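Shared between the two complexes below is chain A, which pairs with chain B and chain C, respectively.
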Partner chain A sequence: MAPEKPPRKPPVETAVPPVPGAPAVALPTGVAPSVGLQLPWYKRLWEGTIPLRASRVGMVGFAIVAFWTLVAILGPVLARYDPGDQVVAPIPKGATILDLPGGAFPSTKPYREDNPDTPEDETILGYVLTNSGPTSTAWFGTDDRGRDVYSRLVIGARQVMVIAPLSILIGAVIGILLGLAAGYYGGWIDEILMRILDAIIAFPIIVVLLLIVSSIGASRVTVIAAIAVASIPGVARLARSLTLDLRTRDYVSAARLRGENAMYIMVREIFPNASGPIIIDLTLRVGYAVFAIATLGFLGLGLPPPTPDWGSMVAEGRNFVTTNAWAALFPATAIATLVVGLNLMADGIRQESARYR
Partner chain B sequence: MSRFILRRLGTLGITLVLVSLMVFLIVEVASPVSVCRRNLGQFATDEQVTLCEQRLGLDRPLPVRYAEFLKNAVTLDFGVSTLTDEPVLDSVIPRLGKTLMLAGIAFIVIMPLAVVLGILSALKEGRLMDRVIAISTLTATSIPEIATGIFLLVVFVGWLGWLPGATVIPQGDSLLQHPSFFVLPVLTLTLIEVGYVARITRASMIDVLDSQYIRTAYLKGLSYWKIVMRHALRNALLAPIAVIMLHVNWLIGGIVVTEVIFGYPGLGRFILGAALNRDVFGLEAATMILVLVAVGTQLIADVVYTFLNPRIRFG
Partner chain C sequence: MATAAASPRTGTEPVLSVRNLAIDYQTRKGDIPAVRDVTFDLRRGETLAIVGESGCGKSTVAFALIGFLGKNGRISGGSVEFLGQDLTGLEEEQLRRIRGNNISMVYQDPTSALNPSLRVGVQLAEILTEHNEECGEKEAYEQCVAMLEHVHMPDPKKMMERYPHQLSGGQRQRVIIAGGLLNRPALLIMDEPTTALDVTIEATVLDLVQEIKEKFNTAVLFITHDLGVVARVADRVAVMYAGEVVEEAPIKELFANPLHPYTRGLLACIPRAGAFKRDTVLQSILGVVPPPNALPTGCAFEPRCPYSEERSRDEHPEFRPLNGSHSVRCHFAEEIAAGTKSLDERKVHIPAAAVAEPGETILEATDLKTYYAQKGRGLFGLGEKSVVKACDDVDFSLRAGQTLGLVGESGSGKSTVAKTILGLEPVTGGHIEFMGLDLKGTVDDRASKTLKLLQMVFQSPDATLNPTMKVGSAIARTVAKLTDTPHKSVRGRVIELLDSVKLGERYYDRLPRQLSGGEKQRVAIARALAGNPNLIVADEPTSALDVSVQAAVLNLLLEIQSENNTAFILITHDLNVVLYLADWIAVMYLGHIVDYGPREAFLKPPHHPYTEALLSAIPLPDPSVEPKKVRLEGTIPSAIDPPKGCVFNTRCPRYIGEICHTDPKIHRLENGQMIACHHDIEYLASIDPVIDFDEVQEPRLLVP
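Right after this comes the complex of A and B.
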């Protein structure tokens, strides 16, 4: 990958060259000197979001991601039906089966018993509303089995929003440890690790995911594991290259002279100084994880059937694109907005941090 | 130069051996249910499963099986498909041809478009045009193939009805006789890839425009367009060409998904079918060939880039 050139802005004027005897850097009033580490955690967290808040594009992405996070949290409250339930509509009085819209079939259940419109002494026959466009009974329409697309979408958000960050987190922990070890020890450890990671990179990522999930069997655990494995090489390479530079620093030599062990030096001395670029890289990877989950679902290798899964919703809707485009359109839009939001956010952070560096 | 290529080939060999080991372990060993049991179903008797394993040679010890797999992979002989009972290679090679055809057409569409967009945004760096191109291409690139493909399907097949939704070739016809089948897959791939290449072109062009020899050209009094077309463009095009070739793994992933969306009969759809139907040997063959294509392209890109760039060649 060719390195992206940071935007050409005049470098921010830093303080005047230090005059002997004068404080090296002029500090803004109200901030005590050298407090970087003593700030309470929430202030440090707030400061950590500066690159995001500084970028307009990043904030647009953040808004989209926040929206979907909210949907995922509120999922069961927002859903109107159980994601597996069929939407039942009343058969109009005097109508026969032949009068029903194409694809619809009589329901085994009467039209929603809890509906106040249904008179108590009378059972209105119901039919399963299949492949319908958006209506007031089903806001986003129904799929080919008569399930409510809106409810499935809202409940499915939860799956994506949990699995994506979780799988990247697992991949990141392993990748960072491998990268730190490879960069810190060098020599044959580095050589062996890098050869293995190169072999994983040689695969097109989709193929790695496909091989792992199809061989072991599609389940939530397999999907998480596959995405974690696919993200390890990239994270490890980045961590390694940062470590190669950082291990020559004086504070690492100092720690070594103090007699600290290798694990301590890697995790407590090197990692905190490498964390900036790694975090930026990980935000980009979460977007990729959403993409991977959706694609696996589309290929029929996602979460097993009862779970509403955006990717498999798209795949099912795709087969009926000429009769009812909505069933594919809504989940596809959900996937697209979430991935674009995550990417805009990551890109905003990346560009702003490049400017500050 | 030759030492560089030899070294690259050496590490490439190691990588390919490791790749084959991983493919073997994941496909034949990692599965919790044995290949034969999975193919025959839960109602097959144990004898039937044993018989099947003997026939496929799956009852032998793992190292022996891996050695044979490696030997066969070198000679590109991957055995007989458990699905069709034909040699795997016979179905893989024509499909590879169709996939390469799709990739080639996409490449021809993507490159000029991306280069024009990249150069435009480099020349207007920081202005409105640059930002509009940057944001729209970033968005188009970020949208996953499945969403892009569905949007195109809904509009052009579902609503307008202009194009076929699936690639169904009449018996005896060749794919090229039906150019309409290519429109949507190529469009999908273009939307996915164009932003990336445009981005690289932009960065590379900005780099070149910043350089000393462009300043010299200005000071010599050459016209703006002469400088852009003659001096800057030639030097700026090197990076995007190399990058798209190094990017081939991403392109292959996109092609696999695109083929599935539009039912295009290429290697991508084959690999998915093999994975879903537990056609072990077909899956191994298709994977190894895809990896070979990817690694080979990257090697060529490396060599070409090194060869064309004197700073690396003599450095």
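Right after this comes the complex of A and C.
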């Protein structure tokens, strides 16, 4: 072996590794960082969130969404009342029914000084606290039936945070498969699939939702199904347009040349490379879904009562908005923040991933 | 214009004088020096070419001259003196005025440089009226028409009324050049103006650059990576490496007597005119250009330099004149010039000289046809369908261990032929016989036994590998699909393949984005080799790579060919590469093979008139050879409506008359050559040769 020169910088890479047997000369390539080659899965996942973490807007959105996710998970712990229960306030001693706020009626259940073990004879008469503003007994006030808005909001978060992503996920799986097939095969398959989806798009989304829900009947399953169906055309169109571009890539030809079938090519060669824009689109769509759930609830076609649902809470609160705006304001704010949070998150990812690509 | 008339027509006073120019880019990771210590002069009527591989800072220099460095770029040192005025300290507004009247720039992409919604005439006239308020519209119009005539646009008055999309790529570039010349600028900067154009068009644009330089006495700064183009247009050359000018010399001096090791490396790795794989090897310098944020402290080229010594590591060499006009940035220039400097051979890639011997015929295509049906123009795609004859009546054969070069402009159908053989496009008619098999249908109809015999290496290194799949998995999948290698030994086989393309096991778990262009192309070759194919189709395998990487990849292909006796079909627009690698050559035009024969037949007449034009258009990396000028008019016609009879009749410089509108005569010569032309073979044979290949300089190898 010829004497080797001491390398000046330690991690040097050879651009063209020498033929085996030949003395090695280390040359800096200036490319291909050796980091990130064999990281454990959690580190790779962490790296995958770079586009989100790099964007301040995205992180604000993420914080809002994370807040609501946490609320949804901790719902029963955070709630102070059962969502169907009425908030009962003590009737002050010596007061008659006439002294109570307008519309108040006595509770069938007596009010017990915070202690259920209080003996029967020591209980005070209670009344249902309806249409109240924020108080210490009901932080966000109560609705017209005397239910605690705060508890209903917290428990209702769980409904939204499960239904919205779930319905979009179902819609996305179907939409992506249809889009991949339409884009990859082209020809009459593409024509037929796309014309059918065009037919759905031709209706305003709200009409599609109402048609589906009202024809089958309002239930959790129908709401999920309706939102899923309404989201299919958009996802499919995006997946199709990405596929149309990606299927002309040389690595797809290379896969065909080694005899891969269409399914493998669509799932392993095309889809992973289309996933970036699709993820951004889906994040936005979860926002639309939150909106759709609320709209259906508002129109009385959402989750059947007495399930706490943000949309129907707004609708019920709306009747009394002149006397007590709180009951409508809190659920409306909840919907708005969650939708804005999801939008900010999607925007952040989009901006940053455009920069990294 | 008055200013143009008053300016000196000749003179030794430089128009542009750049001294120790340094440019920094501010990034999140701190300032990055993109250009350091660049010094050159440029006089009227002179072309200075700046040449270097990608990432050397060529374009950055040009952008600095016109003040377009972007938000994060700034000139951090040195001076730029233009017409006696220092541009570095000037305000934006002052700069704009000087630029508008005296400096013009022509960019690489002619499509995006023109506004698609404005007529050519409006865009041209705007240039005059914008910077000169006295110029009336009528005067502007007349000047524009005159200028379009200068750049040889056919029917300039009609051209003024057209929109950019109605012009061809070459015509657009002419319009842009015309626009650049309207203000009679003292300096014309051209940044890779011909890279996006076909060779025949490129040749005419380069002729134009030569002509306008003389006609308008303009100084031209020509930026390119192509040494062939440099040899054709430049008077002087500045070679850039890692943000520095490392050598500057008059054109002939530089090619005959390169002194900087980097320049020597560049010249040793390109195939010279008429070079052949059996006679010459391509040597290249290992490694790549260091990124500007990790420059060596001493000589920037030291880590790759075969001549480097202890001194190069610590001491940054000065850019110094050696003899009058030849300057170089190297400690050992004198010794290198005298030929006394010893060289470290381990830093040079010297290929094994083995070249495969021809075996049996393995591929035979007869009357091969590939047609595409276009959607009709009627409602819902109904109505009469038009047919694109992308490949029509193509015949050729190929023997084991040999390379067939397919040459032609874009749109000539060379890729279609390849894709039809591979089964990526369905065969419309004719036969392909391959190793006793009758190839029909597409890949979906072929058994994996057949598939493994035929593989492909693609053009773009960025699209050839799935960005989400690890290098090892991609090759492993191919091994598993095409061979019966047991599951356990697949990994071993993949590593074997990676070794055979000189990459090795440590590339197994890498993702494509962690590789350089050349490395990606090696992986693609390894993947193609997975099933031990008998035929590999390589579609422009090196056109997206820098020259030194190109040489290494070409050598790798040669080595694979000699080891496995693989046959290659090489598709390329670069005639130098074809003449170097191919044993047989087929020249295609509009889906037809017009000229076909053994490589030697292409070095001297008879040629098909189209081959003659192609040969004349190749930018030869040799300024001492002056090929005969044969230029083609216009562009390749649409394949939907090709000319009747001989397809070349619309552009043929040897057009005879009516007879050319009938099917051409097929001449078959003794050496196997086939020419489809109405001219007598005696006439074609009597034509002067395009290039006198005996005149070509022997390439200067790094290691003799």
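Note that the second predicted complex is superposed on the first by the 309 of 357 C-alpha atoms of A that agree within 3 Å, B and C clash if a C-alpha of one lies under 4 Å from a C-alpha of the other, contacts with A are read in each partner's own complex, and residues count from 1 in each chain.
Just so it is clear, a contact is a pair of C-beta atoms (placed from the backbone, for glycine too) under 8 Å apart; a residue touches a chain by one contact, two chains touch by 3 or more.
Computed from a predicted model, the values in this text were never measured in an experiment.
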item: Touched partner set for A:P272, first chain B, second chain C, both or neither; value: second
item: Greater chain A contact set [chain C / chain B]; value: B
item: Which superposed partner A:L299 touches (first chain B, second chain C, both, neither); value: first
item: Which superposed partner A:I73 touches (first chain B, second chain C, both, neither); value: neither
item: Partner chain in contact with A:T322 - chain B first, chain C second, else both or neither; value: first
item: Partner chain in contact with A:I192 - chain B first, chain C second, else both or neither; value: neither
item: Partner chain in contact with A:R249 - chain B first, chain C second, else both or neither; value: second
item: First (chain B), second (chain C), both or neither touched by A:L344; value: first
item: Which superposed partner A:L45 touches (first chain B, second chain C, both, neither); value: neither
item: Partner chain(s) touched by A:I205 [first = chain B, second = chain C, both, neither]; value: first
item: Intersection of the chain A residues that touch chain B with those that touch chain C; value: 2, 8
item: Touch list for chain C against partner chain A, complex; value: 286-291, 294, 296, 303-304, 313, 344, 346-347, 349, 422-424, 443-444, 446, 448, 451-452, 454-456, 458-460, 463-469, 474, 477-478, 481-482, 499, 502-504, 509-510, 514-516, 518-519, 524, 527, 530-531, 552
item: Contacting residues of chain B [partner chain A, same complex]; value: 11, 14-16, 18-19, 22-23, 26-27, 30-33, 125-126, 135, 138-139, 142-148, 150-151, 153-154, 157-159, 161, 165, 199-200, 203-204, 206-207, 239, 243, 246, 249-250, 252-253, 256-257, 260-261, 271-272, 275-276, 278, 283, 287, 290-291, 294-295
item: Chain A residues touching chain B - in the complex, by the definition given at the top; value: 1-5, 7-8, 57, 195-196, 198-207, 210-212, 214-217, 287, 291, 294-295, 298-301, 311, 314, 317-318, 321-322, 325, 328-329, 332-333, 335-336, 339-340, 343-344, 347
item: Parts of chain A lying in touch with chain C, wherever the complex brings them together; value: 2, 8, 14-20, 22-23, 25, 27-33, 36-38, 249-251, 253-260, 268-269, 272-273
